[in-house]
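The block underneath contains the structure these notes are about, expressed in structure tokens.
Letters A, B, C, D and E mark the chains in the order given here, with residues in each chain numbered from 1 onward.
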């Protein structure tokens, strides 16, 4: 039998992998948009929050903007009084995300064609603020429980299996297992889409040069609506996972910060990079917290991922699978 | 023809290189100075100082600092909050360690210490570029905040982990602590801002500024024509961090009086200052002022209008405020990606032609 | 008019807790205004200012509202409290921080303007340990207790007391910090799963609460061995975990639920009259009750001040005197429609901290309610008093303050 | 070998009577590979003091890559670069610039955010010395230095006739003027060798004539050695003293314009028909 | 070379347009052009004359540069096209090859070419055939097909940009300085391609060129732009015979071509309108 410390480390590693998958789900949305437009979309986290809020709102039959309406008209509206099954609510929310993508293109991106990346980045931060406010005004800032029927809690199967095998039952969260399956499907299908389809090629062209893309007849509008819709859908998936885990409320948007180091490590433009980066970061930070954390006072996870990614970038400035930064004169 | 430069001829190069080559601008500049130093201190009260002027002055320093790094040298940094924390904690340690030394020296030293830390975290910029660098600077942000939260030496082992600014005076007037008068706070920050802004202007119009801008616009070409990227980038990190450190020190010592690192110097601060720089205008000192003023005033204004004016519940007002701020940022970027400073320049160009359209 | 600003947070990461508290706080004053025409005939104004639980915004709110004749502040944040202590002392405005804030401000000799009765964090830590002592036949020798805490001024508060108590009772204390906001606590709970502490004490707030309860359930930590502070014991914190949260315990400073006579009035004058501060769906919840409790104490202090000053239009200094002379008795609470709601206490020049007793409540997931499982348990003053003296003395020295009340 | 003397000894006189000095720069057996692609294969040639040396060849032949090697941006996979008689060790591009090698770029590389004046001033960065503190204070030294260099730059501005656009941000300039500003920036460095990568692309005849004039004058007045890549054979043949011809990374010709023009291999690979 | 006489039917009609950048910089001051169907029309003029701006105004790429057409109209096949999205214009058959190449750096050469076929719906086989055609025109591209465009040489990028436009099977191509940076042989070759495509496929060309000499040899009609105005236009052969054009744009004086070395003084440009 393996010594305890090794078993613990193994358990931590496994859980790190699972946490990594959860990060990757968020990172994926970033990658998509970056790949397709060179925009570093800070609003991705808020998009996930917004999706989750909308989902819960639909599910519980909440009346959107009830608070605002009540404050202005002195009414007492709260709920339509119905509850929807999870799958219907998810479909409706996906529709909302497409609408949102369309609006974002209309109102924001369209006017910022050909601007330097930092301006676009700032615009997405503005967008993040706006959406955060909108989500709260629409659905209220109180905490909500999200339940679309995903299993949660320790996986008995894994525990008993490992217990029988190693004499120590590993802890794995059922939700994480579901997340892994979903992430694998997402990554595979998105990779195929972007690498081998005509639209995928157009996405990458747009990221390189807006003007040139326009000049060959690629419709930025279409590409952007498409890609923001997909990113919105990915955000919805991330929102469901994280919302199930920790409830739907403001902090959900902060998961974006967990996704950034993943992104750096994997490379901003690589879909598989998001998942590999996620795994490395997940394992890295959990193992670090497990081994070194206790010696230096713990709570290292917030920065460790970043420092790890930073050190890595020093050796490979475009991340693991990112496109090489072209340096020519 | 409201705005004219005709008849303004320069006969020497220094004259041509001055900050406000046009007489009209120069006059306006002196007028602003006169009001800032001669009128406002006599009129200011606690509310105006704390809600508007002091934060504006301090954020302006930070914004100039970040503008040097991001606007002039092209290195996007999201670590501003962390660097401000360095300034604040350095200042705190100095104030408590050497109570007999003047606070002014402490503030400047705090800037110096921040500059050193900034250089350290600037080192990766030699390899890492663009958004990769921007995200990488978050490592500084999170690590520094963690450090100050974790190592009790930094907060003098206080139970809560908070730091409190002891009372200090300059020329016999309190400038820190609860007994500080509004005017003293204001003037102290104003003087420092004035000196730093002047220095920033000098740096950016001279050789070093050109090095920075060359790196910003095209780093490879810059290196080929003889700019050493190492010294250029690191000097930008150093100068920028110095400014940000001073801002952090003032923010803690003069404005807040006490601080808890994760709260005050969190990532939101980084974004806020970056916003100021971008809304104001990248690569423009004036823009830093404009951006700081805009983002300090806007929430105050919105709060007053929405809560007091329209009587909305605070939460609704706060959410709507968020929407408005976010929306305005987007609108501004669309209207003029080069910021308020550019808007101002275009307005001047139009005025010059006025009443003819072109 | 009497101005009692409400520095609340209905937005940001901690809104879920801030909203019910602010609702309770506001509704109680609305009740007084509607039913009694205010306090002593003076209407109470409660201008609200949004802090988002952010210290900087909190200070801004303070500065923005203090000019309007504010009498007392209750910012609902330890961080903001620390910032405001020097400011209120300079400005001469009372700071009331029930169940949070700087613990040593219980020492009225040093903190003239700050009150934190009826209980503070050190009391809480001590009560929790006492409860565990009771359960273990009076000895915790050889046990381990893990403290899972919000990595901020707030979360760090109990550490000093617990360290002291661990020496006294021979248990081993493990500190496990969680960075704000704390929606990812996997490593912390894996650590707990590995180290198997006998008990977990929990100092959380915001999303951190739900995640911790959920994760504790996930690793099948026995819920009845986990005790949260009173800020980690609201319905919001346990409901998301569903049945798994059953048996989770937390401290409480007061009763909860709709079984108090005051709710009849509240319903009549406030809720049904459409004057409720919030959506009205929080009434009777733990945090709503707490907001109401704070409002009740403040209004009683003002009443006392009016009595002392002989005028109903009291100023900030007079209100402070009211706080210092305040006495809340069993009878008074019954009169107010809150019989047995909280512990009776009386303040004095030295004592701004109250008796510090607390209850233990336990979550019944099936019934969806908190059950009180103990009576008020008094803290271990023997240990605490010394600590309070030490900490407040340090503050006095730092700020060159002379002791009062001598 | 005493390179210094070798450099001084040989030399030649051009058809129009200019005296060309010894070898200033020598490329020895340069090979450059990018992954699988070999951009340059074993090329050697020299540049003599005071001459106008052209590099020509079809697209993708490796001409720009050669300039990049000279200016230190690419490191040759094999081979040596000799400058002023010494073998140049591994150097960063900015160190090469400090040796007195300035250049322009095929895809204009101006600093878009700066005015024309500032762009040209950047050319002088290698010559400016005041410290950061002095600059922050704008003390005498800093200001004096600034003015002195400004004067030099103004001369170049006059010389290239771009006075009118001095304060215009370069981003707004049309292509041709940008090329001229780039030349000005390179000239401002007072280089020993000036490397020009297609300085006349995108110009009409008239503008090319102006540009030629500038190049000749620089060469004449300042004695600057010039190494130039150009696709306009008229310009190359008229201006240059000697021409290197590259094709697919190999050198296929080297000599005076007349020799090159007559070289059948060059005609086949590049010129197509014998050029006028 | 002027044997292929274009039809008289005008395909593209630019009527007195004015363009302003950044709300203040007036660049085109009333430019009118008419591009006949099936013809090759050249747009000539010195640096900064406004050739690029004119082409961008036609293809609607201005607004991404903060420029706007503030006056005048642009009609394509009699239809007003000013408010169309650039991609719709491509669908209508107008494609532009931008000045300064603008290849997609991170895409391989082949992928670059394929993006050119983005708007086409006529199936993979046809696209593959055209790809072979482009490779036949530019063998160099075939060699570098798997390299990222960002790492190819200037000339290779230029070929890539032109090939990309051809891939869209356009009706009209707007070519901005196609000869820039290309070896002389290739310049001729490109114009031969232009001619071939024009003659065999009836594609209409509007090209902005600095290389007046070549341009006028291949074009049917020419416009000369100066400081944002059309200062002269006419059939190409007529322009070639014009003494001013000869002197200023073709570099020919009465004695024929001068050596560049012999230009001893800078020549003051004669302005038709200044």
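One rule holds in what follows: a contact is a pair of C-beta atoms (placed from the backbone, for glycine too) under 8 Å apart; a residue touches a chain by one contact, two chains touch by 3 or more.
Only a predicted model underlies this, so the values are computations on that prediction, with no experimental measurement involved.
Between subunit C and subunit D, the least number of touching-chain steps is 2.
Ranked by separation of Cα centres from subunit D, the top chain is C.
Here A-B and A-D were compared by C-beta pairs in contact; the pair with more is A-B.
In this assembly, E is the chain whose CA centroid lies farthest from the centroid of subunit B.
Distance from the subunit A centre to the subunit C centre is 36 Å, each centre being the mean of its Cα atoms.
Centre-to-centre, using mean CA coordinates, subunit A is 45 Å away from subunit E. Taking each chain's centre as the mean of its C-alpha atoms, subunit B lies 42 Å from subunit D.
In this assembly, the C-alpha centroid of subunit C lies 75 Å from the C-alpha centroid of subunit E.
The multi-chain contact residues of subunit C, meaning those touching 2 or more other chains, are 10-11, 15, 19, 151, 179. Within subunit A, contacts with two or more other chains are made by residues 67, 136, 141, 297, 299, 302, 328-329. Of all residues in subunit E, those touching 2 or more other chains are 151, listed in ascending order.
The full set of touching chain pairs reads A-B, A-C, A-D, A-E, B-C, B-D, B-E, D-E. The touching residues of subunit A, when paired with subunit D in their complex, are 328-329. Residue ranges on subunit E touching subunit D, taken from their complex, read 21, 25, 44-49, 52, 99-101, 140, 144, 147, 151-156, 158-159, 177, 180-188, 210-213, 248-251, 257, 259-267, 269. Residues of subunit E touching subunit A in their complex: 59, 61, 63-65, 85-91, 95-98, 102-107, 111-112, 114-116, 118-119, 148, 150-151, 164-165, 168.
Within the complex, the subunit B residues that touch subunit D are 12-14, 16-17, 199, 202-203, 206-208, 210-211, 213-214, 216-218, 220-229, 235, 239, 283. Of all the residues in subunit A, the ones that touch subunit E in their complex are 113-114, 198, 201-202, 204-205, 207-222, 269, 323-324, 326, 328.
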